[in-house]
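Down below are the structures I want you to see.
The two complexes that follow have subunit A in common; it is paired with subunit B in the first and with subunit C in the second.
== the complex of A and B ==
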């Protein structure tokens, strides 16, 4: 049972890796950015666990800025990905401009909320 | 060059003289005609929505109505005089003496900031308006804007015809007019506009999948959060809608983009309002949105892995692992959060929506507000008229043509109708949904009927014009001939539909004029000869307070009148309509329902200088303090067990005549209300001391006050003010 599940897991990881290697480079860059943002969020949570969550608004703004940029980057990836039929008449420049605008609003609010 | 141009000019001017406007209209192409009609009707609807709300301004004067708007007016005045920084950090020591109130942190600033901005803009354009005029007319102005938003929303859901009908219906719908009439300067006037606007932007974002529209809907949500506590409806309806789309399989990438952007940015923006604070991550009422957010991440991640793997077997095993992991983590987090009390459960007002009997047993102050009572059928009919039976018809049409947008409006309609059934005040939230869905029904029906009329007229033409060459035309002609009365039937139905709509318009105007345009602070009645008699006692009393009492006098009254006393009388009050401190209100309730010596002790402890009571016995005014007295007893008894409600009743009956309970006949409220009333003759043929509001002769006519003295009674005895005597000298 364990052997088959472990070989299952290996086959899973192998096929995932090969499928992922086929994605275009610009999407991989966006994925790297998302991973970076999530890692920063995890580091902040660990720090909060050690030090305590006062002042809460600063903690929230830090976490939400990481999560916010990650989510917006995923939205950008969705809109730029050529394999998505729904977005085929959306130019990548427009998608990027929306991304920049939303990030601007996000960070302005974060700066106000940081306290 | 110049001669040639002049020649051309002369030629063109002589060849085409300018036609009269009507002929010019018919020379336009059909599309331009349609656009002109649409714009003209929208402009008329805009003006209509504003004009129908002006009854009370025309009949009485331009003043603020009711109770809550006076607080909003006072804060707006403060904002325009002292600027935003002072307003945001304002601590008010004139209410809730001796506690004070942190106004900056306990109000929804949207309404005040909006009115102040409009005032600044008008002043900048050198219109010298007073802030009171701006406040009075803010609600009708935003009602007009709501009709425009309703038009675009209807266009998004169905088509532009439905949009026009929706705009026309919501312009005069009594359910909406009741809270947005001129003078009703309350949060709902602006909040319904923000609600519909946010919903429209979100539906647009889901339809287009664009980040820009999602950002706009986040800003719409921010405006709603700043305007009204009812934003909880939005933050629960939208996740529910996302869940329904996921479950029915209509999910798409556009949904992911729209919801995520709106949730994160909307949540961040909402937390900037101090009154809301951290509720979006700590309160049980907002957890649905967060749960759906995490669910979406998991769902779309799995979808992406499935797409990448392209292999069913491997995906199943991956699915199993991930799902068990995610569900266990989620359940654990939720369980720990709720059990440890970090995530607060559904509180007070919102819990009583899910369990309507909760407030009556546990929180009497919520149960006592008349707007929180369950709705009767007559209220629905009164506020919606024909829309009530057009609503199911519209639901039928929506189900026939399901799309993301129609699913949303169906959900909005059903949930808001449920809540409207639980609490009368929430008919306001249901009004836009009901108008939109009914508009779909009307528009689809009228379209079908008119197309029936048109095809019958066209078919003979086609047959005669093309001969019998087209099989389709002949088949159509024969089919039409098989239902000979179809044409007449359609015309009859159309006439019936227009008759119904005209009755709706008449009903709405009548309702607005008779029921929803009274200022509540000025009362009117018909005199003996049919002339109008105005009772302006409230303002008379408040201005007496303002001009005849020392500036630091403290006034004790029931919490209904607190806002008006601070706004117009400019004196410190003990409790007001904010009702944030139940114990303080219970103290006042206890004072009103105790015998005079005990009440005097309580008033000494609160530094009370004047006591204000409202009495309707002389005029027959039925919203006075004697009718509200049992609520004072219940609220006081809820905190101080020494006050027991059965002491004031006789066999479970509330009486004020000779057979009343002795505690009732000697409590402070009874004495203050009926002092010297025993000598008054109120009606011909009745004994002295006949209370016209209760319809009985009062029981205790010879009232002596030991610790208070009468300071002022208004001309119709509606408001009575008493001064608390200082303690007697020891010797």
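== the complex of A and C ==
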């Protein structure tokens, strides 16, 4: 039983990998960006865990900047993905422009909150 | 302006003083005035600031009989001469110079004086305002006084012109254009009219003089009074810029009326009481501190001293505190305003009254005896059996010669405040400690103030301390002084003061320690007992330490108040105070710098990972536009985004939100523009490849 489950898991991972290889490059870039943002957030959480959350506003600011930009990247991915029928009429350039604008606004707020 | 404000201030001060002491004693002009005059009128190198002030000083010195005028003579005569010789002098200039000269007696040639006289006559012919008439007429009068003949040819006409400016209420206007009348002007006009009558070569129409006499009586109807019977003149309409206080106005009227009464025949119909009231007003000022007020006071009193209407006789008390112990006599002086002798008269003490001790008979109708040598009326008080206290004495003067009633004014009944002091004896003083049931007179101790023995008492909180005594005046009556207090002082620091109650015959106090526990802060120990008795009529007011009492009190309960902290040194509260230690929030513990920088490095690692991942994915810049304009747009777009991020960095480091938003707005517009160009170019190329 255990052996079959582990081999099932391996088969699952292999199929995921091959399916993922088929995704277009631009979506992969966006996924990489999201991973980067989340990793930065995790490192900040680990740091807070060590030294305590004294300037709490700074901590929140850092975390929310990472999380916020990750969320915006996810939105961009949804809008750019050609397989999404909902956003067929929305050009990827327009989505990218929205992404840039929202990021700029997010980072202005973050910088103000950083203190 | 300053003297006017001074007069006003003086008037207000006089008003306040009147309200405070209604029966204040007035004194005639004395040496205090003479020395004050020498201090007020001080010439600089023999000169005063103006001829007007020179006249004030000289006239004051002349009336009081003080002052050295030789230096003033030497310095001022040239000024006077110059003024008289100058062709462009105004009437006021002639007037000032001539009246100074009338006192100094400078060597002025008779041609100059005759020239001045003819100029003045011309000025009188052409005069139309009251002041012009006044200066010219009085100037001419002074010229006549120097020995040069000066006669007014058209005296009737001048009299008529001056009289034309009068009003129906006895006041005068300054000129025909000015509708408002003034009391001050009335005084000036009367003086001018008196001058005209003296300078006339014939008789002035008696009917006109009669009308002026009538006007004077009307003027006196407008006299004002204070509560204590002083009378004064004041303006009805007060013009702010030309304000003359009551002193200046009264002085002007006195001068005018007295001058007029001196030159006309027959008597003026003014009651002597009014003159007396005015004299009282002038004397109650005391010694004025401003030279103009001083001059006005002395000058008007000099006119009153010798006036033809009635001369006031002033009754004054040299001393208002009389002692029964030294058997003082009540002394009274009756003189004229300048202290000259009065005609033969008798002073009657009509009544004494007091508000305090009720069982003393009030004295009535005592005649004072006269001491010819010292010019003093006196009365022995001891035979009158008056007790100590504060009294209001009423006096009345009766002249021996009934003819003198027409010449002198005695002022009716005058009242004065007098203190009679004496030695008060403390009778039968007893102090002791009583138990709760009230009576334990065996422990009452008789005190003897003459001996300075101190008593020693012991009490606890359930007992009472009792002190009683009687106060007896020299005549044997019970006395109630203003202050009767007992003070308990705990070990030289905390003090408690209690007032003694007075019954019909004695003073006593009973300190119930049970009720007083909280007031004395439950402090046990030795308390020093002090007795204070004082009054204005007592010659032996005292503060005696009677002894001490040792109090045993229970422990204070929780909520009792502490006694107020007693300062050891009277000035210790001005010294530095205790330092205040502020408690600040302890700052948070921060991590060591190395740890922070390490994690900064860790945070940058994912960025590196991201870039490596991008390279792995095979990212390229092939899609970057090649033709110039789109390429430029793309470069500018990326530059704009970089600039925005740089702006955010600066915002964190030093900018404030307003600056940032301003710059962001500019960058934003730029970004929108370039971004739109770039992305639309990219979009169009991608649709082209799609359709292709």
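Note that the second predicted complex is superposed on the first by the 115 of 115 C-alpha atoms of A that agree within 3 Å, B and C clash if a C-alpha of one lies under 4 Å from a C-alpha of the other, contacts with A are read in each partner's own complex, and residues count from 1 in each chain.
We take it that contacts are C-beta pairs under 8 Å (C-beta built on N, C-alpha and C of every residue); 3 or more make two chains touch, one makes a residue touch a chain.
Since the model is a prediction, treat every value here as computed from it, not as a measurement.
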| item | value |
| --- | --- |
| Which of subunit B and subunit C A:29 touches, first, second, both or neither | second |
| Contacts of A:93 with subunit B and subunit C, given as first, second, both or neither | second |
| Contact breadth on subunit A, by residue count: subunit C or subunit B | B |
| Which superposed partner A:8 touches (first subunit B, second subunit C, both, neither) | first |
| Touching partner for A:112 - first (subunit B), second (subunit C), both, neither | both |
| First (subunit B), second (subunit C), both or neither touched by A:47 | second |
| Subunit B versus subunit C as contact partner of A:39, first or second or both or neither | second |
| Overlapping contact positions on subunit A, where the subunit C interface meets the subunit B interface | 112 |
| Subunit C to subunit A touching residues, read off their complex | 588-591, 595-596, 599, 602-603, 605-607, 609-610, 613-614, 617-619, 641, 644-645, 648-649, 651-652, 657, 660, 664, 668, 671, 675-676, 679-680, 682-683, 686 |
| Of all residues in subunit A, those that touch subunit C in their complex | 25, 28-29, 32-33, 35-36, 39-40, 43-44, 47, 50-52, 54, 91-94, 96-97, 100, 104, 107-108, 111-112, 114 |
| Subunit B contact footprint on subunit A (complex, rising order) | 5, 8-9, 11-12, 15-16, 19-20, 56-57, 60-61, 64, 67-68, 71-72, 74-76, 78-79, 84, 86-87, 90, 95, 98-99, 101-102, 105-106, 109-110, 112-113 |
| In the complex, subunit B residues that touch subunit A | 209-212, 214-215, 218, 252-254, 256-257, 260-261, 264-265, 267-269, 271-272, 278, 281, 305, 308-311, 314, 317-318 |
